[in-house]
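Read through the structures below before going on.
Next come two complexes built around subunit A: one with subunit B, the other with subunit C.
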Partner chain A sequence: MLKKSFLLTAGSIALSAGLFSISVSADVGIDDIVADQASSDDIVSYGLGPRGQRFSPLSTINKSNVKNLFPVWSFSFGGEKQRGQESQPLIKDGVMYVTGSYSRMWAIDIATGEELWQYDARLPEGILPCCDVVNRGAAILGDKVFFGTLDAKIVALDAKTGNVVWRKTIGDFEAGYSYTAAPLIVPTEAHGPLILTGNSGGEFGIVGEVQARSPETGDIVWTRPVIEGHMGTLNGEESTMTGAKNESWPGDMWQNGGGAPWLGGTYDPDTKLAFFGTGNPAPWNSYLRPGDNKWTSARVAIDPENGEIVWGFQTTPHDGWDYDGVNEFVSFDMEKDGETIKAGATADRNGFFYVLDRTNGEFVSAAPFVQNISWAKGIDETGRPIFDDANRPGDPVESADGKKGKSIFAVPSFLGGKNWMPMAYSQQTEMFYIPSNEWGMDLWNEPVTYKKGAAYLGAGFTIKPIFDDYIGSLKAMDPATGEIRWEYKNKAPLWGGVLTTGGGLVFTGTPEGFLKAFDAETGEELWKFQTGTGIVSSPITWEQDGEQWVAIVTGWGGAVPLWGGEVAKVVSYLNQGGSVWAFKVPEQLANR
Partner chain B sequence: MNTMTIVGKTFSKRLMLPVITSIVCVLTTGLMSFAHARDLPPDPYESVMWENMAERFFPGDKVIFDERVKVIAPQSAEDQFHVPLTIDASEISDVVEVVAVADLNPIPHILTFRPKKAHAFLGFRLKLQQATAIHVGVRTKDDVWHIGAAYIDAAGGGCTAPAAVHGTVNWMSTLGQTRALARRDANGDARMTLRMRHPMDTGLASGIPAFFMNTITVRDQNQEVLAELELFEPVSENPTLTIKPFVSKNGGLLEVAARDNEGHEFGFGLSVPAGIDP
Partner chain C sequence: MYPTILRSFFALLCALALCVSAQARPLDEVIDSGELTVFVYSDYAPYSWADGDEHKGIDVEIAKAFGKSLGVKINILMRGADENIDDDLRINIWKGDLIHRKVADVMLHVPVDKLVNARNDLAVITAPYFQEQMALVVDNDVLPTVETFGRFLNNPIGVELDTAGDFFLSSAFRGQLHNSVRRGRTFADATDLYVNGDVTALLASKAQAEWVATQAKDRQSRIVQPPMPGIVRNGWPIGIAIKHDSRDLGYALGDVLTEMINNGEMKALYMSYGVKYLEPDL
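Our next item is the complex of A and B:
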């Protein structure tokens, strides 16, 4: 009774604030999000449009004038919390909303680079993020901005003030749940717009789940665990079980099966499906869980109306290498053999680039995008990997003391041919630009049992570069043929996202601190700027007051410096930071 | 300057740092202030911040010092993290809101109290950064600010230290835990005291963001609001509050709802015993 009356009060405040702001400025509507890619004066979704293509039609900055791109301002995140900054900013009405390490968020006046407000989540002691204290971005709808925090909460803030409107729990941080991805807002007929989140914690034996909430109240509308055997919910009641219990999992291993959809999802307005990638199965030691372990290391298409899985596609069934299948599934229309395929593409941790039919999940093609892949001999015509059994780490049970199985060298490493950093698809060149890494790992299995809040791996590992002179590799991939059209090699591993534009450009950042622009056709490097610390985030571009801007968040960190191995040699000297840089071509140079 | 003299006389050397900090604060705020058009009555404690406080927190042109606003405080704070303060303006009728400020705190605004169906009476504890005047403005329906004041000598640093609870690992698991007591005064008035666990972080301790309970609403069993409180950073860790709501002589139920600046919500119910005629 008490709770209800309080919520009523809060609701009515929110409602009146909404009415007020409608009359003075245009709030972000769900149609703005769905059509985000076409409108270049704002960025109201992660991925520059819900399909996640990271393609902007803007062409004011082009191959000939990009050399005149200069910084306008730099904004420091301040404090002593300079860890990895993986965030993609949002832009609306001259305001930038950007998140940072340790669950912080800022609103910045783009015209001046001045802070409008800052929000610092008060995190509890004992949070368990596996791989640095990053955040990848916010979502925006109405008069609110939303983002997830490291203690597995989602927070709605008043976009004007940064005050907390509501705060809800995604998972129990003490059991290892965490949250780092940008939330996804999708339209539905049954419930209006919903805000979708995955979760993190695959290294702690959590259960991967997608949750849909009302953006207005934060109340859950549906949940969809991605591990077979768990029940989903809809409107507060049990809906359906994911798959069938024990179909692809032995015993009770599904109860701590992992599969965290930790990188969030994309949405395709044509098919009205939300696509989430799922993480590695838990534990890493695959001998403890014979079977395909659905839906780990997979892509699942979810109907936002009810949370049902419409189709699933496992890139690495029965994974034994930590090849999370979380990488973004990017919808695009592909011309092949005179036909237009409603396709989607994803560059997997396992080193293969997959094209699927996004209407039904059927396999179209797969091609390697990194060299010397050793865990599989290839992908068969159904899309299933042809495993190389010699390169799956040995069963520890078969070792002399039962404590450590045979170690193998597998390519790619567990950090993947491509990790979290999103690729881009150009509607102009019809190519994907994939930030990838050429590395492998020594990997062995160990016995392990589940304990709440403790690492649940059953494996040991160390990463090794494959080539002496480079690890990072930005590649242009033709999705129709699987051919690599060009490659840019980078000494340190690439860990930042990619942007491509109607000006025929490809932007990405490097751990060495450069934001770089390349010719989208040839890969020729056309421009670079040293930001003073490593870049592990995704660039954006937008138009404001008739000018095209580019912005990038900087601050070295993420998973690479934590796991290092031999790779540490090329990254150990890199310094941390935390800021946003905004660029444009000065007016007097725009036409030169 | 009077204030500074007292500071210099009373404080030991180890307190220099907080004192310096507060001087910077004063200068900064001083720069933002401007000539005051209105005539303010002089502050009995000659606080250097009086005009600035009045401008920010007691706006309008009707400001009077009124001895019916009793601000009961110790002469000297034994513990700068927990300084007891009682405000009693129950002799004034038609009170709309009560605003309390600590002039020389880095964050001066302590709380705002709206006694809808309660005495204009409030007991609580606050943090003090240094010796300071306390000003309490009681706004009545005719938009007159009735001011009461007190001066508290204090050792420094109450606002810039981490909360005591941060020495423990799982402090967040007890967030919002509440002890509350309702009883009757000798004259039959209902009186409620509550203490809620919360660090009340000011955001000024290194590396710890502001995190504080910021609204408390007390309703009766018919959901009618008896009192509203807006708390700010200077309220002490584990806020302890006493109010005197109007409750029927036959007794009744109080429903308390609280929310912090991170959106955590807390609530509980408390029954008030029947009153006895004095």
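Our next item is the complex of A and C:
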């Protein structure tokens, strides 16, 4: 393994030598990122490879020895800012780069667990991030690491020192923009590598947009608004309009349509497309905006060369339930009826697992991955939901008599059958492992609320578990048949990502604080470790000095503790924390 | 970004006992410290807005009157409006913002409404000092008569994005005004739409409409209040909010407001911004 990784590194230096002057440090090349999944001695992308499969071929830790997995060190994020750790670390040359809540980042020496440097973004006074203080991870290229901060900036740091190389604005924090996702680095012929980000913001009045920058300077190369009617840019000039004005929006509402791709994107080296999911439309009341409201609650495929949308697929057209379409789109090749389909899959907020042809966005299949879905009766053969109009939230105007309006129960809740937490795809079992939640929401019209000092009819809601004994549900889904092969039930809602390995294992963390390992074939729980606080992040694995390591960031928070009603009962006792745990199987136990 | 409706849930975080923050304080602590922090909305002319580094507006003047009366220095905490009043009370009065946890001792321009007060038991809404209504400022030359909002089927009408007025216009007559509504990203933008003649009318609160009329010097404006079918309230009193453990501060500031109303100072203050003062109708 060591020899192989040496050859890989040597190969990429040789490859890039023709394009760039060779630098002396152990740089991350764009080829390393594209081939990240195959190389197991580093993790230089969010998702363990730009496709986001979260599959590591490593098999040193397997079903029989995982019981011997022990912690090597734990690294504290310190101070009072412990809450809400959703980050996935990166690994390069024995160094871990990990981001924390409140826009912080650390470099850690993996051999010793000691800090090499820490970077703290100075967050301005006027900042009011809409949602929470989380960060989901960094990107790495050359001698720089990149991450986004809560005041909607993207920062490039020197990987050796943590010093700022450049700092650029994604959006105006005073207008409600923020940033929490891991940036995506992709190769292009025309511009060299580009760093791609979505934007995020909670205020009505924002327009979702994907931005591509030069990793060297941070300068914008292209922008692509995801709402119809807006112009994109390329090399500083207007390029093309997204869709056509007013095609799926009334009046001037497209100007403030929402749709923020706040969870970032994935990239498929095979089709050379970047895939971004888009947020729900604004305003929330769907009766105010008749039409499909493109491209909100959708997946769009973007050509990184010029920022053009190659295809779009709306999971929830004319959304009325807050079903963000941001969940990750994972490329994989699917064998079905003797054919290989260049597929991509996504487990949507709306409770359906979609398989699309990733070359053109054409619908292949959809299957529910949570139970009792009530907002739609199913998905038709074109991929469009068959809405159940009885379970669309009512128009507030209909209850203008000042009384509480009709209440409906919609499943899933707006927090989704699956939320931000990434699923994993095993090339070994050919199954997806989906961290899901079984819950619905009561929705009604409030008799009165006020915005900026003026009265209007608002909406009220409460989230309810579907079952008495559990909300969280880790499921193994066969993408070819839509069949659930196994399920692990968890009392508290699952809010962490999943990892699967060549050792036939599936890892995920729970709000109760356990990092767990399951048999990828059967779902049998094989190992668990209590980290002392809730886990809401994504595990990783890599090889260093001939040993396989596993790591997880822990620190209860994110949106989870903010739920009221019956959900609060299962999470209110959980304690704060904020650290990274690193594990390995001690050498003397590896073969037992 | 989480969904807009999720944000109401953040209110519950404090109920889970995580509200260690800069404290909004009772009266004696305010007096001892010599400073009172007052929250006002940004971009909310004629009540409160920033002109460069300077804070301006009726509510800012009221804050200064508090300072004068209590003999303390005034700190203005000016922030934008969040999704709804419940969020504003949480962020500005009893919990603070997510990053810096900063709160004010008192918040101005809070609707006095029993339902709102009942939903937000960590804040106290008191001391009504003004009556809010909705109104249109219209260009007299273009629209000599405006009996109903049907007038705007074919005449462009402006409104600030994502406000009560916007929700009304977007849903009025089952969406028939969709093609006539022009939304300003901020109230200042919406004001510009009217001042520059891009729209024939602007829907806002009555005081805002009157103030916009004073800004549009080239237009012959008048204020009209056609029926608004489906609107939830025709008018509502405006008061102040303090934290639940600071009621005595609320009484002291309420006394200042009552005095200003009784001695005519309040009426003169509103008039200096071109706004007719309306007593709270309880």
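Going forward, the second predicted complex is superposed on the first by the 538 of 592 C-alpha atoms of A that agree within 3 Å, B and C clash if a C-alpha of one lies under 4 Å from a C-alpha of the other, contacts with A are read in each partner's own complex, and residues count from 1 in each chain.
Note that a residue touches a chain if its C-beta (ideal position, glycine included) is under 8 Å from a C-beta of that chain, and two chains touch if they have at least 3 such contacts.
What you are looking at is a predicted structure, and each value in this text was computed from that prediction instead of being measured.
Number of subunit A residues touched is higher for C, counting subunit B against subunit C. Residue contacts after overlaying the shared chain place A:V310 against neither subunit B nor subunit C.
Of the two partner chains, subunit C is the only one touched by A:D324; subunit B is not. In the superposition on chain A, A:R122 makes contact with subunit B only, not with subunit C. Of the two partner chains placed around the shared chain by superposition, subunit C is the only one that A:D132 touches, whereas subunit B remains out of contact. By the touch criterion defined above, A:V155 lies against subunit B but remains apart from subunit C after alignment on the C-alpha atoms of chain A. Using the contact criterion defined above for the overlaid structures, shared-chain residue A:W166 touches subunit B, although it does not reach subunit C.
In the superposition on chain A, no contact is made by A:A480 with either subunit B or subunit C. Of the two partner chains placed by the overlay, neither subunit B nor subunit C lies in contact with A:I466. Of the two partner chains, subunit C is the only one touched by A:N256; subunit B is not.
Note: residues 125-126 of subunit A belong to the subunit B contact set and to the subunit C contact set alike, using the contact criterion stated above.
Residues 102, 123, 125-133, 150, 174, 176, 178, 200-205, 250-253, 255-256, 260, 262, 279-280, 282-285, 287-290, 322, 324, 395-397, 400, 402, 414-415, 447-459, 461, 559, 561-564, 568, 572 of subunit A are the ones that touch subunit C when the two sit in their complex.
Residues of subunit C touching subunit A in their complex: 1-10, 12-13, 15-16, 41, 44, 47, 79-86, 91, 97-100, 102, 109-111, 113, 115-116, 132, 134, 160-165, 167-168, 170-171, 175, 178-183, 185, 205, 229-233, 236, 238. Residues 1-3, 5-6, 9, 79-81, 120-122, 124-126, 155, 163-167 of subunit A are the ones that touch subunit B when the two sit in their complex. Residue ranges of subunit B in contact with subunit A, taken from their complex: 169-172, 201, 203, 206-211, 217, 219, 223, 255, 257, 259, 261-265, 267-269.
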